[in-house]
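Please find the structures below.
In the two complexes below, chain A is the common chain; its partner is chain B in one and chain C in the other.
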Partner chain A sequence: MKSLKVYAIFYLIFLYAPIFLLPLFAFNSSTVIAFPLDSFTTEWFTTLLTLSEMHGALLSSLKIAVTSAVLATSLGIFAAMAVSRYSFPGQKGIMGFIMLPLVLPEIIVAVSLLIVILRMGFSTGAWSVIVGHTLICTPFAIAILQSAFASLDPSLEEAAYDLGETPASTFRLVTLPLVMPGIISALLISFTISMDEFIIAFFLTGAEPTLPVYLFSMMRFPKLLPAVMALGTILVVLSVLLIVIAEFFRRRGAKRTGNDTGGFL
Partner chain B sequence: MTTAKKDRKTLISMQNIQKHYGDYHALRGINLEIGEGEFFSLLGPSGCGKTTLLRTIAGFEDYDSGYVMISGNDMRGVPANKRPTNMVFQSYAIFPHLTVAQNVAFGLRKSGMSKAEKAKAAEQALEMVGLKGYGHRAAHALSGGQRQRVALARALVLKPKVLLLDEPLSALDRKMREQMQVELIKLQREVGITFILVTHDQEEALVMSDRIAVMFEGEIAQCDDPEVLYRRPKSKRVADFIGVMNFLSAECRVEDGKKIVNVAGLGETEVADDQCPEGFPDGAATVGFRPETLTLLYEGQTATHREAAATIDEVVYYGDMTYYDVRFDGVDKAVRISMRNIFGRDVLEVGSRVRVSWSPGALVVFG
Partner chain C sequence: MVEKLRRFFRTEKGTGLLLVSPTAIYALLMLAVPLAAVVLISFWTQNGVRDFDTTMTLANYKEALTDPLYRQLMLRSLMVSGLVTLITVLLAFPIAYFVSFGVKAEHKSLWIFLITIPFWTSYLIRVFLWKVILGYNGVLNSGLKAVGLIEEPLTFILYNVNAVIITLAHAYAPFAILPIFVALEKIDRSLLEAARDLGENRVMTFLRVTLPLAAPGVVAAVLIVFIPTIGDYVTPRLVGGPGGLMIANMIQTQFLRLNNAPLGATLAVLAMLIVAVIAIVFVIIGNRAAGQKGARK
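Moving on, here comes the complex of A and B:
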């Protein structure tokens, strides 16, 4: 038991210590990334504001993340609904293949997509990153939405129908409000994954880089390294915030329908 | 209770309903007539098809063949949202994202009523089920009994011709269940709507219903009012399912046109036609009788009907009642006798020799 505890503590330090170093150097006035720390400054954050290329990268990242999140969540709704309502032959196998990108190395997804796109004679661009990100976000969206649909008592929909509603108005008045927390949660998680994703974006991005790709390119300039730290800090804080909000929505939904299954936190 | 239903107009009529789930034959030729304003129960063990039949009436379930008529209209192809029926689901299916009042007024959305009229109707329905003033509460914070009442109000506010209830009391604890049984009977009398109740609890069905249909494996075994069902079950299986029934083996024969039964341990007696629901068997038979049709005779008491000697095997004391398991002389099997306890009269002990009074008219003969 005791050694397990020690293991857990070391694991957490190993996992999070580098991330805690980010804000440390982001607020450090020295351009050299080394201890001892110099003095406190917010200079690097103001530098970020002046980098116009970064603004372009931020914009294209937002565009890609919003589109991928909407696409992945929409696909997720259909898949989760189909799985929770109907059983059909080969259901488990099909679901297995849909969930596979969760564990597939992203580099495989990225390279194979790149080959397919180039072979078909298209050129890469924001759209191809969206395709790749939708692919890797969909399993997460499905996992979240599946638990939202599974905790929905099917007799609620029947009750609405019994009380005179049509299937369409039942979906609008009962199903949608009850799975809405799950939908919001799926949107936020997908958005976060897409915002943070590097490998697929790096391979498929074309002329306009996303924020992580731009961040990577900045690393070549030692002068900009503290600004990279600042940008990294912002991304980490934002991601954590979004995931916490997503989990809040998921739990609220689970509490309402009275049973909690799944979830990532 | 038997006379009132005779002049009831038929509201629901089902003819030869057949239903399969894949290979499984769930409903095997259901024929039923249910009257206007009747409190009707579908009673049977779990898995016998009660819910399926109820959902067939509600319009949630398709059937292979047969007819469901409501008020003389064939319901084939009429979807659940267009039928004059409303359902109280086993899980109550209260919308957790709405308030109590919004739940109750849910079905009034397309009624053309003004907002104020809807609110008033909802409030009245809530008052009817004893939840006056609960309208603004969040539905997901209610107790089981309260949810049940909201579900009732939500269905009744639409003034359906038929209210369908799928095991509405099974999730409640015993006290609450007994209280709700009485309230449901009162409510049904008050609104005069036909109630069709699904239950696996024979006591509940006996307490609440005008008539009961007993179902086994997708078939209706017997449909009668509670008294007839209890006193004159049409088969051994129904007899066994409703209340406690003692069974003893017997020999049957006809002598001078009289139907004579020789019951093990009790002796010979003549029986009437209505005591033989499956026809009079020739030779070996089984005879059934209820625990309260037997009486233990104390010293000095004489039998009102017939008498037999027995030994007490087991005594179960319930306060107001005592159950005795006794063995008649020459019989291996014990039978149960229920005796009301009278102040000043001792409960008898295990092993005592006793005389038992029994009435030939209470016997039911099965093949």
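Moving on, here comes the complex of A and C:
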């Protein structure tokens, strides 16, 4: 076990190495991304402030991520409630299909939506990215919400019915508050996925690029590489922060219902 | 009729179906219909910029299967994702084993969380960082030169298939660890004690008890890495160079550059078909292997 532990620590270092390089070069004054490091600077972060195109991209990314997160979590609530409470005909097939985007290459999702959208005579834009992101975020939302619903004690809802509440008011007054940590966790995870997703956005974004699509176009210009590192640092820090908060809520929900079934996947 | 339907929706089955329907209908409209459209269009041909000739023909399939360029890209994609799968799963198994058997119960979820964090950060940025690390004047070469280990930059590590494999193996690491970890966690620890009590040594216990019981997790890990990597676009594009491009890059080129959606659709359908066949064969072999072990027990 001791040698395995050493291996595990090296493995973690390998996993994190690229991410740790980001801030190193984002604050390095040399325009070349290489060792040895030069001196400390925040110049590249101020460069970001001058890129007005980037601000538009940020705004459209935020808009898309918030909408996709809300849609995916809402769809996730329906499906998670259905599988954790009821057994219905074709359950395995239906759920398998809903979860399919987890393994399907994103380019397939992107291409197939593009074909339908263009064929029907619509033009792509933020809305089509939202459609695609909702599709790929829903399985993650379901996975999180399913464990939230599964650990919920059904007798609490039955008690509410006995006390004269309707199904709707029971859901609002009893179920919703108990699974709220799961819902917040699902919202944050979906937001993070949508914010970082590139391929679907690349195919379906039309004239307004999202932040990753804009970042991709920046990567072609060597002069902009330090600014790419700076923007990357901000995005990675933001993602990690959101994920830690999501995990906090997921665990709190698990603790509240007394059942920790493990991580996100 | 309406009354019958209403009664059906009050039953356990009916309520379940009713509840799942918004999500299922969304997946049907936004995933099943588009996927069917891809299959349909793959039999059409391009006629001008946005016009299709809708006569059904196998011409695209003939072109895709006979043109050496497409064949080469397809074979390379298969080889790359096969190798990436092998490397990721082999490297991941000891980690999953360590977290499941060597870490105290209260620290397990922390370890799993630490392993999954990088996965939640932007894929694009992680791939781009590998380009920066592996480049001619990159972090690795400049670092090794500064320490004096090499005099000339290493060139075999960027803009080729090696770089694609390293980058993908890094990106998909958590995918492989999680299913194996879940399978290991499910193993009843008393079975291992029983094997030891019956005189098996540590290695034989691992080979004859732990490994067969972990097989479903390994099968899941293989599929969850193999299927998405074959369609990866970003990694070959950023670190692959001309010799490291994969089928997804050609699909993108057909759709967005050459304006030949039908041929792009054909390539997408073929890639998915090949992956599906390999996955099914693999699952059958995996099940049979597990079944034989079960019978021997």
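We take it that the second predicted complex is superposed on the first by the 250 of 265 C-alpha atoms of A that agree within 3 Å, B and C clash if a C-alpha of one lies under 4 Å from a C-alpha of the other, contacts with A are read in each partner's own complex, and residues count from 1 in each chain.
Criterion: contacts are C-beta pairs under 8 Å (C-beta built on N, C-alpha and C of every residue); 3 or more make two chains touch, one makes a residue touch a chain.
Everything numeric in this text was worked out from a predicted model, so none of it was measured.
**Q** Under the superposition described at the top, does placing chain B and chain C together on chain A give a clash or a fit?
**A** fit
**Q** So in the superposed three-chain picture, is A:F45 touching just chain B, just chain C, both, or none of them (first/second/both/neither)?
**A** neither
**Q** Taking the superposition as given, does A:L4 touch the first partner, chain B, the second, chain C, both, or neither?
**A** Only chain C is touched by A:L4; chain B is not.
**Q** Quick one: is A:I98 in contact with chain B, with chain C, with both, or with neither? Answer first, second, both or neither.
**A** It touches chain C, and chain B stays clear.
**Q** By residue count, which of the two partners contacts chain A more extensively, chain B or chain C?
**A** C
**Q** Considering only the touch criterion stated at the top, classify A:F248 as touching first (chain B), second (chain C), both, or neither.
**A** In the superposition, A:F248 contacts neither chain B nor chain C.
**Q** Contacts for A:P89 in the overlay, against chain B (first) and chain C (second): which applies, first, second, both or neither?
**A** Once the two structures are laid over each other on A, A:P89 reaches chain C alone.
**Q** Looking at A:W127 after the superposition, I want to know if it touches chain B, chain C, both of them or none. Which is it: first, second, both, neither?
**A** neither
**Q** Regarding the shared-chain residue A:L114, is it in contact with chain B (first), chain C (second), both, or neither?
**A** In the superposed model, A:L114 contacts chain C only, not chain B.
**Q** Is A:G76 in contact with chain B, with chain C, with both, or with neither (first, second, both, neither)?
**A** second
**Q** Once both structures are overlaid, what angle do chain B and chain C make about chain A, taking C-alpha centres and a multiple of 10 degrees?
**A** 90
**Q** For the combined overlay, can you note the least CA distance between chain B and chain C, rounded to whole Å?
**A** Value for chain B versus chain C, nearest C-alpha atoms: 11 Å.
**Q** Can you name the residues of chain C that touch chain A in the complex?
**A** These residues of chain C touch chain A: 12-17, 19-24, 26-27, 30-35, 37-38, 41, 50, 91, 94-95, 97-99, 101-102, 109, 111-118, 120-126, 128-130, 132-133, 135, 137-139, 141-143, 146, 170, 173-174, 178, 182, 185, 223-224, 227-228, 230-234, 238, 248, 251-252, 255-256, 261, 264-265, 268, 271-272.
**Q** Using the touch definition up top, name the residues of chain B that touch chain A in the complex.
**A** Chain B reaches chain A through residues 58, 60, 79-81, 85-87, 89-91, 93, 95-97, 106-107, 109-110, 140, 154-155, 158.
**Q** Can you list the chain A residues touching chain B in their complex?
**A** Those residues of chain A that touch chain B are 153, 155-156, 158-166, 173-174, 177-178, 256-258.
**Q** Can you list the chain A residues touching chain C in their complex?
**A** 1, 4-5, 7-8, 11-12, 14-19, 21-22, 25, 32-36, 74-76, 78-79, 81-83, 85-89, 91, 94-95, 97-98, 100-109, 111-116, 118-119, 131-132, 134-135, 138, 142, 189, 192-193, 196, 198-199, 203, 212, 215-216, 219, 225, 228, 232, 235-236, 239-240, 243, 247, 251, 260, 262-265
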